[in-house]
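Presented sequentially are two complexes of subunit A, the first with subunit B as partner and the second with subunit C.
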Partner chain A sequence: MIKSIVIAQQVWRETLRRKDLYVLFILLLAFFITLMTLNVFGLKSLVGHIKEIGLLLVWIFCWFLTIGISTRQLPHEEKSGTIFSLLAKPVGRAELIIGKWLGACSMAGLATLVFYVVLGGIVLARGGTFSLRLALEAFLLQCCFIGVLAALGLLLSTRMNGDAAATLTAILSVAAFLILPQVPQWSANVVGRQREIMLAIYYALPHLELFDLRQRLVYDWEPLRIEPLGMILAYGLLVAAMFLVIAWLAYRNKKFSRDII
Partner chain B sequence: MKTIPTPACGHPSEGGDQNQIPSRKGRERIGISIAVMVLWCLAFALACRLLNMPELQKNTGEGLVYQILGSTRLEAGDFLFEQADRVFHKGVGHYHPHAFTDWFSRMRNEVRPHGHFHLHREGVLEIMPWLYFSVRADPHNVTAYAVAAFWLAGEAGRPDLAEGVLNEALRNNPGDYRVYLEKGNLAVRQGKYAMAARFFDAALALFRKTKDGDKEQMRIDLAEMLTYRGLLYELEGNPERAARNYREVTDIFPGRLHMKERMVELGKNSHSVARPEDLLGSLLLEKRVVCSEHEDK
Partner chain C sequence: MSSAIETCELTVEFHSDVKALQKLDLRVAQGEVYGFIGPNGAGKTTTMHVLLGFIAATSGSASIFGVDVRKSIARQRIGYMPEHPQTYAFLTGRELLIMAGRLFGMGGKFLSDRAEELIEKVGLSEAKNRRIAGYSRGMMQRIALAQALINDPDLVILDEPTSGFDPIGRIEIREIISELKRAGKTVFFSSHELSEVEKVCDRVGIIARGRLVAEGGISALVKGGESLEQYFIRTLS
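Showing the complex of A and B:
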């Protein structure tokens, strides 16, 4: 476990050296300032739209960041040749994958926490409210989402280059998020083989929409009950673990060539 | 101190000439760069030529972004208007029946808010940004302007802002009867009956010229305009013209028996039991109940 944490620390350092995080943060601030300076029919102190658009931006930026960090780790090590010196140390491939996953999750989670704090500060400063318990639940579920997404990104990057893995992770995750919740409704109008294929996709892809508590948070609904919260968290951890195991299976016997350096 | 000779900086004959001759690959790159530049210049010239054509120089009074986005902005406007409706229902969208219910559906129901609820009092104003975005995307979305004006004059208690919204709607849609209808409603709400009568007259005149639109909605709007104008005729002391308006309403909607009763009362006594001022107030109140919060309970 210590070895995995050391690898995770290396991911943090690498991410902090890059500019992605700072660019996203500045972009987020720019969006927030634009939203705050908007003159809506002469009305002041409206805050609902800042919450809604702000949370949407936090989700989008967290999505970008998680995919970016997780999918470039292994291909970058292989491309630069540092994988040889890394694996020459007493580090197993499972530990390497877990370390990379831990690093990607914790970095994206930390950035998301900062985004939440900034958004919360702006909303409170404008006289709005955020239920603290609900905000914590939303953040917890978003961390779970980050875990699943990072595991999927790592899994795909074990057998692809960084760009291909990032693109495929983005397509799969966006499709899962947007399309899967519509399947129970659409399947009413479809029969036969088409319906079977639709249901196969429905059960095969991760249900990322379950981690999205934005609507509750924006419209001040009551917090999620503990029982469904626990079940969704368990589901997220299970899916992430499954992806990590598949990633390890795909990576454990992978041969590296020095020619690619 | 020793100086290091730099061949590339010296005279070509002093040995720097070999570095200055581009390789074959370099020549190819230069060729490609020149080709790209030429193509870019051609594209730029063509764009300038096209934009200078007289038919493209018509002043439509619409911004550059508006023209570039084309019909996409209409879709965006509709989407944002629907978003305003969703915000009004506290984030709950339209209900769609599902073919099956499984663990994921149950969890989704737990995560997503459901039920039929409305925002109340100042909370309603949270729909304003979405209406604002909607009319920015599509300035011809009169319904969005009307909804914004209605809530600004009502819950926000800011008829001045509502008037500003309707003036903007009028600037963008000068020939649309619905803007005058809303301006009339606003004037009634403010008790400016003479002004309201002028707006309803203008709305009716524009309505007669309107060819396109949702026919069913247009019938409802016509009945509304005639009813309001009829009540205002009563206030002006002109029961005959009021009765004529009511007759027209009953021709459109024969089921409106209270209109028929009112016509009979006006014919007999030249006035009705229910005062027109009270009816104007109750009509405005009726408008706000667009869907009942407890209808699905």
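Showing the complex of A and C:
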């Protein structure tokens, strides 16, 4: 586990020393400042819109960051040849994958926390309120989403280059988020084998929409009870673990030759 | 006492038709400096990559200090410098050594002191806090050598260690190899610089088309005023 943490620290250093993270922060800050200065007809309900748009931005930036960090890790190690120096140490491939996953999750999670804090500050400054418990629940579930997404990104990057893995992770996650929840509705209109197949797909694919508490935050609904929250967290961890195991299976016998440099 | 390196009928095939290694039997004793030489594409780097677990053998076996190379623990006592060393450009030289040490389970003041000692040994004291992205090729080679030695390895595997060095750097590398030998370490290295090999090796193995075609002590192989280079050319022709 210590080796995985050392590898995770490498991911932090790499991410912090790249410029793209800061570009993302500045961009988000620019959006937030625009939101803060928004004052259409002096409407009080505007705080709700600020929350809604702000949370959407937080989700988009978090999604972008997680995919970016997780999918470039392994292909970059291979392309640059640093994989040789790394795997020449007593580091197992499972430890490498877990380390990269931990690094990507923690970095994207930390950035998301900063996004939440800034958004919270803006909402409070505009006279809005939100439940701290609900905000914590939303953040926790978003971290779970990051874990699943990072695991999927790593899995795809074991057999693809970084760009291809990022594109496919983006497509799959958007499909899982937007299209999958509609499947039960669509299946109601069909019968027989077709309906069974649709429902099988529905239950087999990861349900990323479960991790999204934005509506609750925007409309100040009640926080989730502990039981469903725990179940969603357990579900997220299970899906992430499943992706990581498949990633390890795909990576454990991968041959590295000098041709990859 | 188990050998530092032992391979038994080691065979590696790529795409089922390219035989990179063919039933290679290799035994390197502990404390020996072994030069692994051969023409380009002979299988030197492939052998090293199998020993380090980058490539799985198609058949046969390989072990390091008696431990199967497929187990990551086999690499606990190894230091490795690749042919074209690439390191994390976003780290400083010192950070790289600390990271490498921590992957070997080292830490604290011991690791910090070891890193400083190696930085001094490879002549990078002034550049230790600079990002590796700004290093020259020679400096990159030096920091890669330092990270290969961070764990005070019992077996050092060096793939073309002198290729990026100027003449003074080559002498320094030779010095380091001699120092390792005096400390009882095993050094397994490949090189095209046969005069270097002749100077520092106890034994050499010549590999061609994936097979070991000659092996022995320098004095046993090279006789009658012949140089290792002349012997090498004669053997391969």
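A few remarks follow.
The working rule: the second predicted complex is superposed on the first by the 251 of 261 C-alpha atoms of A that agree within 3 Å, B and C clash if a C-alpha of one lies under 4 Å from a C-alpha of the other, contacts with A are read in each partner's own complex, and residues count from 1 in each chain.
One rule holds for everything that comes next: a contact is a pair of C-beta atoms (placed from the backbone, for glycine too) under 8 Å apart; a residue touches a chain by one contact, two chains touch by 3 or more.
It should be emphasised that the depicted structure is a prediction, and the values quoted were computed from it without experimental measurement.
Bringing the complexes onto one copy of subunit A puts subunit B beside subunit C with no clash. Of the two partner chains placed around the shared chain by superposition, subunit C is the only one that A:89 touches, whereas subunit B remains out of contact.
Judged by the touch definition given at the top, the superposed model places A:188 against subunit B, while subunit C stays out of reach.
When the two complexes are overlaid on their common chain A, residue A:13 makes contact with subunit C while staying clear of subunit B. Subunit B and subunit C, viewed from the C-alpha centre of subunit A in the overlaid structures, lie at an angle of 150 degrees when rounded to the nearest 10.
In the overlay built on the shared chain, the residue A:133 is in contact with neither subunit B nor subunit C. When the two structures are aligned on their common chain, the gap between the nearest CA atoms of subunit B and subunit C comes to 21 Å.
Under the contact criterion defined above, no residue of subunit A touches both subunit B in one complex and subunit C in the other. Interface residues of subunit A, counted against subunit C in their complex, comprise 2-3, 6-7, 9-10, 13-14, 17-18, 80-92, 95, 253, 255-258, 261.
Listing the residues of subunit C that touch subunit A in their complex gives 14, 45-46, 49, 52-56, 72-76, 78, 80, 82-91, 95, 99-100, 102-105, 144, 147-148, 157. Of all residues in subunit B, only 87, 90-91, 96-102, 104-105, 107-108, 110-113, 125-126, 128-132, 148, 152, 156, 158, 161, 164-165 touch subunit A in the complex they form.
Only residues 38, 40-43, 46-49, 52, 180-181, 184-185, 187-188, 202, 207, 209-210, 212-213, 215-216, 218-219, 221, 224-225, 228, 231-232, 235 of subunit A touch subunit B when the two sit together in their complex.
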